[in-house]
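Structure in structure tokens, see below.
Per-chain residue numbering starts at 1, and chain names A, B, C and D are given in the order in which the chains are listed.
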Amino acid sequence: MRIAIVYYSKTGNTKKVADLIAEGAKKIDNVDVKSMSIEEIDNEFLNEAKVVIFGSPTIAGTFAWQLKQWLDAAKNVSGKLGAVFATANYVGGGAEVAELSMIAEMLVKGMLVYSSGVAEGQPFIHYGAVCIKDGDDGQKERAKIFGERIARKAVELFN
Amino acid sequence: MRIAIVYYSKTGNTKKVADLIAEGAKKIDNVDVKSMSIEEIDNEFLNEAKVVIFGSPTIAGTFAWQLKQWLDAAKNVSGKLGAVFATANYVGGGAEVAELSMIAEMLVKGMLVYSSGVAEGQPFIHYGAVCIKDGDDGQKERAKIFGERIARKAVELFN
Amino acid sequence: MRIAIVYYSKTGNTKKVADLIAEGAKKIDNVDVKSMSIEEIDNEFLNEAKVVIFGSPTIAGTFAWQLKQWLDAAKNVSGKLGAVFATANYVGGGAEVAELSMIAEMLVKGMLVYSSGVAEGQPFIHYGAVCIKDGDDGQKERAKIFGERIARKAVELFN
Amino acid sequence: MRIAIVYYSKTGNTKKVADLIAEGAKKIDNVDVKSMSIEEIDNEFLNEAKVVIFGSPTIAGTFAWQLKQWLDAAKNVSGKLGAVFATANYVGGGAEVAELSMIAEMLVKGMLVYSSGVAEGQPFIHYGAVCIKDGDDGQKERAKIFGERIARKAVELFN
């Protein structure tokens, strides 16, 4: 089963977190994970993916317009499992609000949205992984765990 | 497969919409649907339900604290498919913001969230069914269609 | 005192509502109101405005990326009174969520945000004016009242 | 001019942050600041306050139902300057989403909402002060600065 991680990265931090999430997701058997910038989408992979994890930096308290522009036009995400992550420059810097805005759009696109929340024990991950810049050690570890959880949920739902 | 509709109703409007959603969900084969107020929860039914659809009136722009109090304490919703509906007194009266707040909490609780969005054609249902008071004819019809879509998605995912 | 209405319009509906809000605002003495698309900003007027009212169509459940792109780069809105309006294609179509996302960004930009809410009696206007397409008669009337209220509040605060 | 800080605290962390914000606000001349739990409201002080700063722990990704219950019933906040703060147990734990939900309700109540955002330079404070538990040193310092900024803005607007 294919899992696509689709991100927009401005400084490189969001790309780094995307790669951590990919690393976590790959721990699950039988998944094929690909992390891709919106500037270099592998449409064939994305079309066949059962899961899309979206990532954005937080820009003035919401997600990047570049990712919104891409998502507005996306035709191949409905029915897929969706999840989100965001980077921000500091605690309280809007990452969670950016995540919730992405989730709002993903629901409009007809995705199934999942974050694991508190349901899989510690660490709790409310709406999606959050890293301050590219993450301290704990945040990096949580990004990997997030990828693993989303992949496991996808296998549970779709295999 | 069991589908629980859990609502808080103050004036009776939200209860009426819950019943419309139940009516729609029952059109799908092999589902057992029960609509229940948070004041009269059938815990056995809820525990075994694969789907929980939450409904609230909009109170000062968010969902009712009574439903939040109930949801904070709920122990049996993680991993289930979740969906929402809301009533409000007028267009622009906060129903969608109330829905998104409920969705935020449902993600924290570990639910899979789905609304159908634009993915199943007209009518588009962004975050969940919305009725102004107990709904005009079009809104009532959309509430039924929403119930049917959530039930169909649940059968697709879990059967 | 100057009041700028800054909108992005795709179909023309949001422009029409901007003009209704301008019409309402002009009922207040001593205000100078100008409605402008982000494609034709009068920067001199905007710089001196004490109030900026932002408007957007609802696109996939959030506000238009074009307006976000503009707002991300805006340098002259901090400390001003801010308000919002949105158009959507149907009830439940995301206008309020779009408004709340705009408000989140306006707060980051350092604006004072006001909507009147329920504080000025009927009609209640939760986060900002909402019109379905270009508004039915009641929605059009509310858009005018919204403009009037924001202008009156601005005079109260800044004069 | 009176500034009320109204909070609900479950573990004591939110109370501690309320007190830090009060400490910061008191640095501004000619303000009288009082921090009060919703369980011990000084109604006379609150009625005459020009500013109310609301604080809540983050509970399952939104603000505490106890504070919502209180806010739903509040009759004396319209027209006042409003601001928010929240505590959460970890980064990404929902504090910002809780803040935005509070802000949504405050707008419905007819308050003017302000956070300072990026408008007053570093530290940027997006929607309101955020502390993880009762805050590390930097977060505590930001809470004080937040109080000071809100008080200064109030003096600017209302004196």
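Keep this in mind: contacts are C-beta pairs under 8 Å (C-beta built on N, C-alpha and C of every residue); 3 or more make two chains touch, one makes a residue touch a chain.
As the structure is a prediction and not an experimental result, all values here were calculated from the model.
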Fitting subunit B to subunit C on CA atoms, where both chains share a sequence, rotation angle to nearest 5 degrees: 180
Interface with more contacting C-beta pairs, comparing B-D to A-B: A-B
Interchain centroid distance [CA atoms averaged], subunit B/subunit D, Å: 32
Distance between chain centroids, defined by C-alpha means - subunit A, subunit B (Å): 25
Subunit C, residues touching no fewer than two other chains: 60-61, 94, 97, 100, 104, 107-109, 117-118, 124, 126-127
Subunit A residues within the subunit C interface of the complex: 59-62, 65-66, 68-69, 71-72, 94, 97, 101, 104-105, 107-109
For the subunit D and subunit C complex, residues of the former touching the latter: 78-79, 81, 100, 103-104, 107-120, 124, 126-127, 153, 157
Residues of subunit C defined as touching subunit B within the complex: 60-61, 89-97, 100, 117-118, 123-130, 132, 139, 142
